[in-house]
Amino acid sequence: MTDATADTGRAASALQQALARPRILVPVLILVAATVLALLAPALIGNPSGINPMARLQAPSLANLFGTDQFGRSVAARTLHGTRISLLVGASVTVAALLIGVTLGLLSGFVARVDAVLMRIMDAIMSIPTILLAIALMALFGAGVFNAIIAIIIPEVPRMARVVRGVTLSIRERPYIEAAITNGARPLRLLFRHVMPMTAGPMLVQATYVFSAAVITEAILSFLGAGAPPDVPSWGNIISEGRTLFQIAPWVVIAPGVCLSILVLTVNSLGDAIRDQLDPKLRRETR
Amino acid sequence: MRLTRRNFMLSAASAAVASPFVIRPGFAQSSPNVIRSKVIASLSSLDPIWTTAYITRNHGYMIFDTLFSVDEGLNVKPQMVDSFDISADQLTYTFALRDGLRFHDGAPVTSADVIASIQRWSKKDNLGLRIGKLIGSLTAVDARTVRLELTSPFSLLLQSLGKASSNCCFIMPERLAQTDVATQVTEMIGSGPFTFSAGDYVPGSKAVYVRNADYKPRQEPPSGTSGGKVVKVDRVEWLFMDDVTATNAMQSGELDYFEEPSPELLPVLGALPGVTLDVTNKSGVEMVVRPNHTAKPFDNPDFRAAFMRMLNPVEHLTSYLGDPKYFTVDGSVYPVGTPYHTDAGVITFNPDEAKELLAKSGYNNEPIVVLQATDIATNRIFSTVTADQLRRAGLNVQVQASDFSTMFARALKNDPIESGNGWHMIHFANIATDMADPITSRSLSGAGDYLGWAKDEKVEQLRTAFLAEGDIEKRKPIAADIQVEALQQGFIFPGGTFYQPHAYTAAIKNVVSAPVPIYWGMEKTA
Amino acid sequence: MIGYLVRRIFAVIPVLLLVAVAVFSLLQLTPGDPAQLIAGDTATPEQIQAIREKLHLDQPPLVQAMAWGSALAHGDLGTSLLSGVPVTTLIAQRIEPTLMLALLTIILAVCVGVPLGTFAATRVGSLIDRLVMLLSVMAFSVPVFILAYGLVYFISLKLHWLPAQGYKPLSAGLGATLNSLMLPAVALCGVYMAQIARVTRAAVIEVLTEDFIRTARAKGLSRLYVLIVHALPNAAIPIVTIIGFGVGGLLGGVVVTETVFNIPGLGQLAASAILQRDYPIIQALTLLFAVVYVLVNLLVDLSYGLFDPRVRVWKAVNR
Amino acid sequence: MNMLPANPKLPLLAVENLSVEFRSGRQWVPAVCNVNFSVEPGETLCIVGESGSGKSVSTLSVMGLLPERTARRSSGRIQFDGRALETLSDAEMTAIRGRDIGMIFQEPMTSLNPAMRIGTQLAEVVRRHAGASPRTARRQALEMLERVRIPDAASRLDAYPHELSGGMRQRVMIAMALMSRPKLLIADEPTTALDVTIQAQVLALIAELKREFGTSVILITHNLGVVAEMADRVAVFRAGEKVEEAPVVELFDRPQHPYTRALLAATPRLGGGSWREGRVLQTIDGAPSPSVMPAPADAGTALRASGLGKRFGQTTGWLGRLAKPIRAVDGVSLELPRGQTLAIVGESGCGKSTLARMLMLTIAPSEGDIEIDGQATASLRGEARRLVRRRIQMVFQDPFASLHPQMTAKQIVAEPLVNLGGDDSRTIDAKVARLFDLVGLSPAMLGRHPFEFSGGQRQRIAIARAIVLNPAVVVADEPVSALDVSVQAQILNLMASIQRELGLSYIFISHDLSVVEYIADTVAVMYLGRIVERAPRAALYRSPLHPYTTMLFQSVPSLDPNARRFGHRIAANELPSPSNIPTGCRFRTRCPFATELCAASDPALAAQDNGHEVACHYPGIATQDGQARMSELA
């Protein structure tokens, strides 16, 4: 058995073990279902942007499962397409925050010279309220899903970087890292082979929180009129536009509102479950 | 003509959110003689010459007075002016002020104040600027009489001085009117029916106006912005809040008056006991789509002609207003109810013709950039519908959304379309009086000096002729010719007129109909 | 002590400087021009340019930055472009509601979050623990505006317990203020409280496994006494840390909450200033929020010494 | 107030058929099975056993302090002072804890509340149990602190635990356990975390207080020396069962159970000699000891260090505070002949680990140079410096912590080859497999991860990793101190046979003189960053010349219950802080022979006979002066 297969084997069995736990399995299934629905949305359901003002604000019916909005667009179609946006935003922000945050965090935790400077910058970003920073960035970039993603990434990076830095600092002091140094590991190997794998767990947990924070922030930005362009059917946009309609057409906001809350709840629960799974102390206690 | 800014301050932050629910009445008791009104936007600038913001204009009407004003039928009437005289050659105007006009600091209104105010206004307002170029002399005949001599006739002079919308020629004390036009006047001393309570002012949130006991109103009944400005309450409090929040406040008795509620809320407000929905701006607001003539393919007249037939404004206005009783669709560049309104040359929705013209224009699926301001409801909704309709008509549409400020800067900058930062189409909601004639309506400028940069010699010649013509009946055919040419050339797509009612409680009586919200004449019963 | 404090405060300066530079550059790069907004679409380029000159917007960014910086050094936050009112006045007018809202939210979040988390920690794995965790993850997952709507619907609309909007200043009496802020504070504190409860739970669980807890129990001290006197103070550092960190999110949440509940505070001011490109207000408010955040976290850092005497090493060294 | 038990015939504590189970997933697995033991009034019962033998769990269940939800008592009766503890309610049990039974735990560092003043923690006991007023409680706390001989007790009342040394903290723990004069004191490994000189002091204190208060004591330990010093009766635990119980002399003289015998045989004892001389350290699994082999003569120098020094803490960043520099190592010179073992002995804080890290080039010396296998390293940078590691490798104290948890044993052992060897993967595989065989691990274990191995196996992996490059020098930092006695013997034997086969040189760092005697050829004693004595093993163990070395020897518990050493009172006297090194001779503050000369002048390491070197103005004074002065010295 080569090293690679051993590793894969171990990872696979860890995955199997994790999936055997309902606390992890259920959120993963929900996420998979949401992803499949999102991917199939164009095939499953009509155009989310096609307007028909003459059929506006119709109550839910068989033809329009969740009714129509003020443009006569299908709320069901918009909500389903909104899943794409929310998942896209969540996933891209998470991946980007991971890439940047992990790089900065590792660098900061490993190279004392850049640590002070990097952390001051991270402090500065964190000291500006997320929403305010994101609104300002959206004013700078203009409305757009991609721009919203960037505007959300920037405030999320320091959080990820701080977590990774903290873990790196503590891993760096572990004897097995000293052992690796005495074994002649080059700095890059030390960083990527020895330190980084140990940050994976906390990173993963933090990633789920970044994901849910991103989805919520996107919704709030849309809600404040500073998110994706209005014609993009993001949940935040649908809720934002339907807000004034609540009393005459509550269906416009209920579907996306419920979907949003479920998605975020799912991801957060997944994060909690992974964290408990990784923390032997908690695992022992809660098993 | 200017963008309707009514929704501007109702913007992202403030407008975005509020409870969509209604709470039971009884949280706050209505005080007699105080009107609490939810206004169209947050007031943060006070100088109505310095800025064109509609909310600042409305504020100007509270504390300043004008020489002339317009009645409900948009006819010019003297306001501060007692009597006036126009020379036969239409070059010399003499205005005599009414008796007893005093500023809030007690000083009488003099010719010097009027002269300084006209001068400042004429450096800012678009009609004012035209007049400014024509002024030969502006002198005081005596303390209360002013003589204005023009170098050539300007048929709209009185109308300009009495125009209902920004920038109105408000009369300020000379010392304030001498302020550079680029500098904001912040000391609020006028001679209008209300005084400004500076101590209560919270920029962006609250402004308070107190009845000016020394004001001498005209004897005529109020009509439009003209007539006697008799104030029948002690205080008017302007509050700015989100529309949904305001709806709650209406029902809980915390609010007496609600300017232009979001149309979606009208069914809710209308169902509240005692609440009246009243269209006080009878001339309404015009939806306008303006293409950029300098950007390919809109430089091609065939393409513009195709475009003029692609849009069906019924969908725009239905999406925004819902109930058809709040809008009329009509293809005139002069809104329904304005003096020059005509059917001449009107183009209507015609998808088949549009297809032919589009094919003829050689359109090659170039992306068409529609600007969208996300923080302004009308703009957001109109551009959304336009984009959909243009797509249906076979155009490759890109909606480029941003906040209003960014959109506006981008529109003015007019970068080449190839740069990726240019634009093809922008939406406006202009109040109808701003489009009432071919001069006031900047949309009809063929000089290439306004957004869209339409250039048309014929239109410019017709406008010059229009200005020189003293008789309104003779001006009408000229205006009609302008309309024909402007529509043919696709200056603008006039989408129809809509009317947004104000909502007020049963305690409010005698609301004056005018193009702008008016708080004199209004009564509040206990 | 003083030396340490001075050093800590000096460490804050580069952060604030960075914030100032970042905000300033951000605004310089942002499209949109306050002069255009003021002048309107009918304005001629000359008019816009004239307004720009009056507002000193025509000067090179560096000159503007220097002017802003030197004014700032004299305690002058500048003047709002749109209203011409000094920014300090605007902030003074609006600081009370925000401050009250933030305080009430923090108090609510701490008073509910800490006991809840502690309680869950003593019953790890039990139904109650799971319930607390579920509640907290739910509070974590519902965007503040949805929570706000739900509260307004049930508390104001259905039960008529509290007003749905508006703010009553302290001058109208503390009771009126609290009455008007209770719903917004509850809506705002959801996420914050959940964070505190989770961190408290984790920290207390951690501390309860410590040897000295066993020692305390071996001394014959009761569970409750050990929990409160021995465990909580030792779990305090992560708890106060999350309280401090949460202030950042709180200030952001204020923007949304003030809008939902129509509270004329700094959040509303900030959001509208961004859309109006009223640079001095944005700069001042961002800096103010950053200062608050940094100061709160400085206080949090200093409070470590209160909970863990080991942090007071510097004192021992000087002794 | 010391009341005799109601019936003097009954033991104070009688534990019968005690079984405890631990939760593992959804199952409960037995941890202690049907254990019986009892303690008579005034008696000291030592429970001895290796880790996992159930000795702590048994006493915790007596206290009712088993971790909730993860452990439970499944059967057994616990009679204490006439009451059946297993039938008591939580509240009743709470009232007994701390009042009738006091407990001392292993880790003085973590067993005191770090956020609470010492005085408060002491006072709590009497406030809880006797309802004493704060003033009375504080007075009693002060008295108790004085009883456990904490210097300057009054000011210590308001100190926090971190302001005290480990030894002082353990005294505080003892004071706390005895605050309300309990009938029974349970001390769970009370000296394991302490240095040998401090251990002697603490054990003497416990013995003394026991006599004074007439308290019964249960002392849990893994250290047979401690047992021999302290016990009246001994219970030997193994894997959750009691295998033997006997009076202490009987147990040491005539151990009955094979496990007890193996345990005794595997424990190195002082004066036993070295493996090179044919000394046998038997292992529990019966693996053979290395055969006799004299130290190779004059095979050259594997490692040479000259004038090594290390200062810490001068600055800590541009905004950090300026701390007083700590001279962790000061002017140390070493020479390690090829094929030999140099042991470095000293208490914690003496700088031996810092020295090891400098030798390993993981921290840069502030001064001095290190020559590894003939190559000077001070001027080496970057790649050249990294490549020197081919010639020097390290074995760490904690085998679990020093193995990367996510790598397989094979990857771990191959790591030096991957980094520093030029081999292809096939060669690497072959080398790793050979090494596995050499250190006695089965090839089937190659793919396992560290958590799947036992402590001894982990240390074997660590050793395999250290020697896979066939280095000239292996630095072993306390390689056996984290291991159980039986495993310790295996690892020592393994190290010896590897040396024999491969001709390696070891730097062996340890605090344990008995272990050092077995493995070392030369011994250097460090004190506060300096080498104070260095000699060939035999010479040093025959006649130590430095008073500190003598003190170390005196502090080692004997393995003979008939020759106890700590019966007398021992003054509290501890290592000064390395940031505050005394002037003149560093040891003078603890040296009973110190004179004005010692305060004025710092003695250099000077050669005596037979390669014996010592840094003392009066070499050999402690041994010359005889037993009388020696006792004062300790």
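Per-chain numbering from 1; labels A, B, C and D assigned in written order.
What we mean here is this: contacts are C-beta pairs under 8 Å (C-beta built on N, C-alpha and C of every residue); 3 or more make two chains touch, one makes a residue touch a chain.
Quantities reported herein were computed from a predicted structural model and do not represent experimental measurements.
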Maximum number of contact pairs occurs between chains B-C
Using C-alpha atoms only, the most centrally placed chain is C
Maximum distance between Cα centroids and subunit C occurs for chain D
Per the C-alpha means, the centres of subunit A and subunit C lie apart by a whole-Å value of 23
When centres are defined as mean Cα positions, the distance from subunit C to subunit D in whole Å is 50
Dist(centroid_CA(subunit A), centroid_CA(subunit B)) in Å evaluates to 45
Here the gap between subunit B and subunit C, centre to centre from mean Cα coordinates and rounded to Å, is 40
Expected list for subunit D, residues touching two or more other chains, is 69, 319
Subunit C touches at least 2 other chains through residues 30-32, 124-125, 145, 149, 255-256, 259, 270-271, 274-275, 277
Multi-partner residues in subunit B (2 or more other chains touched) are 11-13, 16-17, 20-22, 375, 402-403, 405-406
Note: in the complex, subunit C contacts subunit D through residues 3-4, 7, 10-11, 124-125, 210-212, 214-223, 225, 229-230, 233-234, 307-310, 314, 316-317
Within the complex, subunit A is touched by subunit D residues 23, 25-26, 69-70, 317-319, 357, 360, 362, 386-387, 389-390, 392-394, 396-398, 401-406, 408, 410-411, 415-416, 419-420, 447, 449, 462, 465
Within their complex, subunit B touches subunit C through residues 1-3, 9, 11-14, 16-24, 27, 42, 44-46, 50-53, 123-126, 129, 166, 180-184, 186, 202-206, 241-242, 245, 248-249, 252, 254, 375, 402-406, 408-410, 412, 442, 450-451
Note: in the complex, subunit A contacts subunit B through residues 49-51, 53-54, 56-57, 70-72, 135, 138-139, 142-144, 223-226, 229-231, 240, 243-248
Note: in the complex, subunit C contacts subunit B through residues 30-34, 36-44, 47, 50-51, 53-54, 80, 82-85, 90, 93-94, 145, 148-149, 152-153, 156-157, 160, 163-166, 255-256, 259-262, 264, 267-272, 274-278
